[in-house]
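Remarks on the structure that follows.
Order of writing sets the labels: A, B, C and D. Residues in every chain begin at 1.
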Amino acid sequence: MSKRINVVVWNEYLHEVEMEEVRQIYPDGIHNTIAAHLRKNSDISSVKTATLVQPEHGLTEALLAETDVLLWWGHGAHEKVEDEIVQRVYDRVQAGMGLVVLHSGHASKIFSKLMGTNTDELKWREDGTCSTVFTVMHNHPIAKGLPDSFVVPQEETYGERFEIPTPDDIIFISSFGGGPEVFRSGVTFTRGLGRIFYFQPGHETYPVYHQAEVLRVIENGVLWTAPDEMTKPIQGHRPLD
Amino acid sequence: MSKRINVVVWNEYLHEVEMEEVRQIYPDGIHNTIAAHLRKNSDISSVKTATLVQPEHGLTEALLAETDVLLWWGHGAHEKVEDEIVQRVYDRVQAGMGLVVLHSGHASKIFSKLMGTNTDELKWREDGTCSTVFTVMHNHPIAKGLPDSFVVPQEETYGERFEIPTPDDIIFISSFGGGPEVFRSGVTFTRGLGRIFYFQPGHETYPVYHQAEVLRVIENGVLWTAPDEMTKPIQGHRPLD
Amino acid sequence: MSKRINVVVWNEYLHEVEMEEVRQIYPDGIHNTIAAHLRKNSDISSVKTATLVQPEHGLTEALLAETDVLLWWGHGAHEKVEDEIVQRVYDRVQAGMGLVVLHSGHASKIFSKLMGTNTDELKWREDGTCSTVFTVMHNHPIAKGLPDSFVVPQEETYGERFEIPTPDDIIFISSFGGGPEVFRSGVTFTRGLGRIFYFQPGHETYPVYHQAEVLRVIENGVLWTAPDEMTKPIQGHRPLD
Amino acid sequence: MSKRINVVVWNEYLHEVEMEEVRQIYPDGIHNTIAAHLRKNSDISSVKTATLVQPEHGLTEALLAETDVLLWWGHGAHEKVEDEIVQRVYDRVQAGMGLVVLHSGHASKIFSKLMGTNTDELKWREDGTCSTVFTVMHNHPIAKGLPDSFVVPQEETYGERFEIPTPDDIIFISSFGGGPEVFRSGVTFTRGLGRIFYFQPGHETYPVYHQAEVLRVIENGVLWTAPDEMTKPIQGHRPLD
């Protein structure tokens, strides 16, 4: 029997519209490339997409209420995401919704709000060199089916200190071809009843989301952050009987 | 489609033989009571048992090689477990086998060897008062189907400081009816490729393993520690090409 | 040679003004009781206080810029703390300032913002029974000089699930005399360059901050969260040479 | 007032005797090079050394009983360390002694016994390329005085998966000049009352322990693992009054 996971892939969707080189790689947008992959998984029952320019950024109360896992890709327009929608996503994560944050989504309002740190801070450089992603925790469900390491042929360089709290688990650590930088590239957190996975690869000017290993990590991240059936905590005033 | 988890329940199996009061609660031994429950789960394909007095304590190389999760209950005869068998279990955990350690199994050679601490050390008292097990991590798979808290009507009191390393996750914390003690009663660890879950309830003179919530926690622990399909780490000498 | 730690004790300071029973316990306010204790420590070079009704809640840019550790007690007026001041404290924690959050301060805007969770959520009951605080991590600097456990004669009951992320360290766990509740009562976190310590005891209607063990924990918390001399991370765009 | 830390630097001390190239770098042995540096720190009151060929490997009961921090460098003769001495060191760590494990000491009996994993397992290659050590946790006392990153001009390459349990803290992550490998090169653990710090740099054929940054990390590691005054846990049978 399959799980019944409802997924929404959120994408800023500006670079693909505005930049020819990105549009050639992702003619229908990064969100649709990722969504098409996720639809092949039989544990995932629905995959919808949402983007910045839609009313409420496409993230209505009704949609989020039935969403099990939300993916987030953003880059240049983090500040244009309305605080009300950020709060809505935050509330859903607290209630158990999974969240998969991709690449430059590290600097999004929602990721920073959930982490409690300035997650936009890290070293970076667009030099288009390769990146090697090493599995550090081979027995984690997010590493399932992945090799001991794999190479992303062209990627933006991200380097530590990445301004995140100590992760629950570090599943991947990456190095980069153009310099000595290292990066905790696959990390998990828990906030409220929700599970969060951040994954670094995915610069928009390279075809990273067409690479099988990257798609597999994202797919695993969706399965792992999807909430199990769970008992809600009893909280509040509890008088003695 | 079900997972195919092969389980072995290991029990010292001395109290049930030697003590009338324990035999009345567990006529076939603690191991068979737990095994009977686990056999009802369709993700578990086989449940075998093994005990101290069997050759090699019932834990032959052949049996362990095909075991996905081993459960361990011991109390008075930890020192009678042969070091060679302890090493064999240790090696299997490193290779990915799950291990669920129950109650007084905290003082077993295998748990201490995997923790790297004197895990026999804690406060204890046999006063037969109740214990309340509070869920602290409601979204962990091991808490699935469990209430916010539940009472074990009669249990041995265990108290902190429990001499374990900082756990990966603390899923349950217990209090006890006869004194102020608190105890991290459900905790997880990773060692090598193996997952480990320790669960406190289960004193032999009370019918703890006949209680539905306790059995559910153990069942969840088996499912969670069972290894996924995984890639083995590449290690050793790696010359440059 | 002493460290030179500058401390500010922030207190909402409403109950002591409005409620006779609280005023009798803390005639000069909780903040001044705690401050008087901290002033006895030779590693602490200055202890100032600040309260809600002061301009900018007493937390000016100039004061915070030279503050090494801020203590926070609040209860009924969390919503009256200006967001701008919360952001100011948040920024200082990211830059390295220590933060010690006391008792009902768990529901403050600043603690929730740093945790990324709804930290106001927990079980609670004002029944005035005792609480026993067990040391779980005897070798942590915050446990220095404290006994294996100690009793707070009268305290508000707090119970799990406390809605915090998995702490870096759990130093104390408490039980309560009137019910089975347990609580992670002394926990640490890191956010940015700042260290955070939350400590549960301190209900305003009991003389908790006159108790030696409680004051010692708070004093240790100040010493531990105080920033060491440290190198700031290099972050931002880092082109290849 | 200074702390009064008694330190012992243990070294296998075979390469320096047997290999001309190592002897030229460390004419008096790695242990004496490190000890000479530590003696300059006024918080460290005594620095002794001990080596494999001495009776009891130089680690008598009397010496260990008064040792606050033990440093461990070994490589080719791990198996020659007597189990009885390993147990003695283990017991002292449980009782609070700090342990700093250096470079190939990762494969020592004592480190593996404390970790509960096969810590000899990692990728390695002797290619003499540079290594860059990145600080990941700038506010940790072990990073005090260290830059954002520093280069070890020649070092053995170590690569993940390093077979350790999830560390309490990851302070440094390294990359290497000859290949894509990454390594959690500065990590901490707690076992019993003892603190443990592992630090990767230090291959015997390069003058790594003559480098200021490396010596500073080791010195910081000694200060951080040194036990504070602490209360011993109360454990064992605790009857009701």
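A few remarks follow.
Everything that follows uses one rule, which is that a contact is a pair of C-beta atoms (placed from the backbone, for glycine too) under 8 Å apart; a residue touches a chain by one contact, two chains touch by 3 or more.
Source: prediction; values computed, not measured.
Residue-number overlap of contact pairs with A-D passes half for only one option from C-D, B-C or A-C: B-C. Interface comparison, B-D versus B-C: the higher number of contacting C-beta pairs is recorded for B-D. One simple way to say how far apart two chains are is to compare their mean CA positions; for chain B and chain C this gives 37 Å.
Between the Cα centres of chain B and chain D there is a gap of 33 Å.
Chain A has residues 135, 138, 148-149, 159-161, 166, 181, 190, 233-234 in contact with two or more other chains.
Here chain D touches chain A in the complex through residues 132, 134-136, 138, 148-149, 151, 159-161, 166, 169-170, 173-175, 177, 180-182, 184, going by the rule given at the top. Taken together, the chain D residues at the contact with chain C in this complex read 1, 96, 135, 137-139, 141, 143-149, 190, 193-195, 227-234. The residues of chain A lying in touch with chain C in their complex are 94, 113-118, 121-125, 127, 157, 159-161, 163, 165-166, 168, 178-179, 181, 189-192, 233-240.
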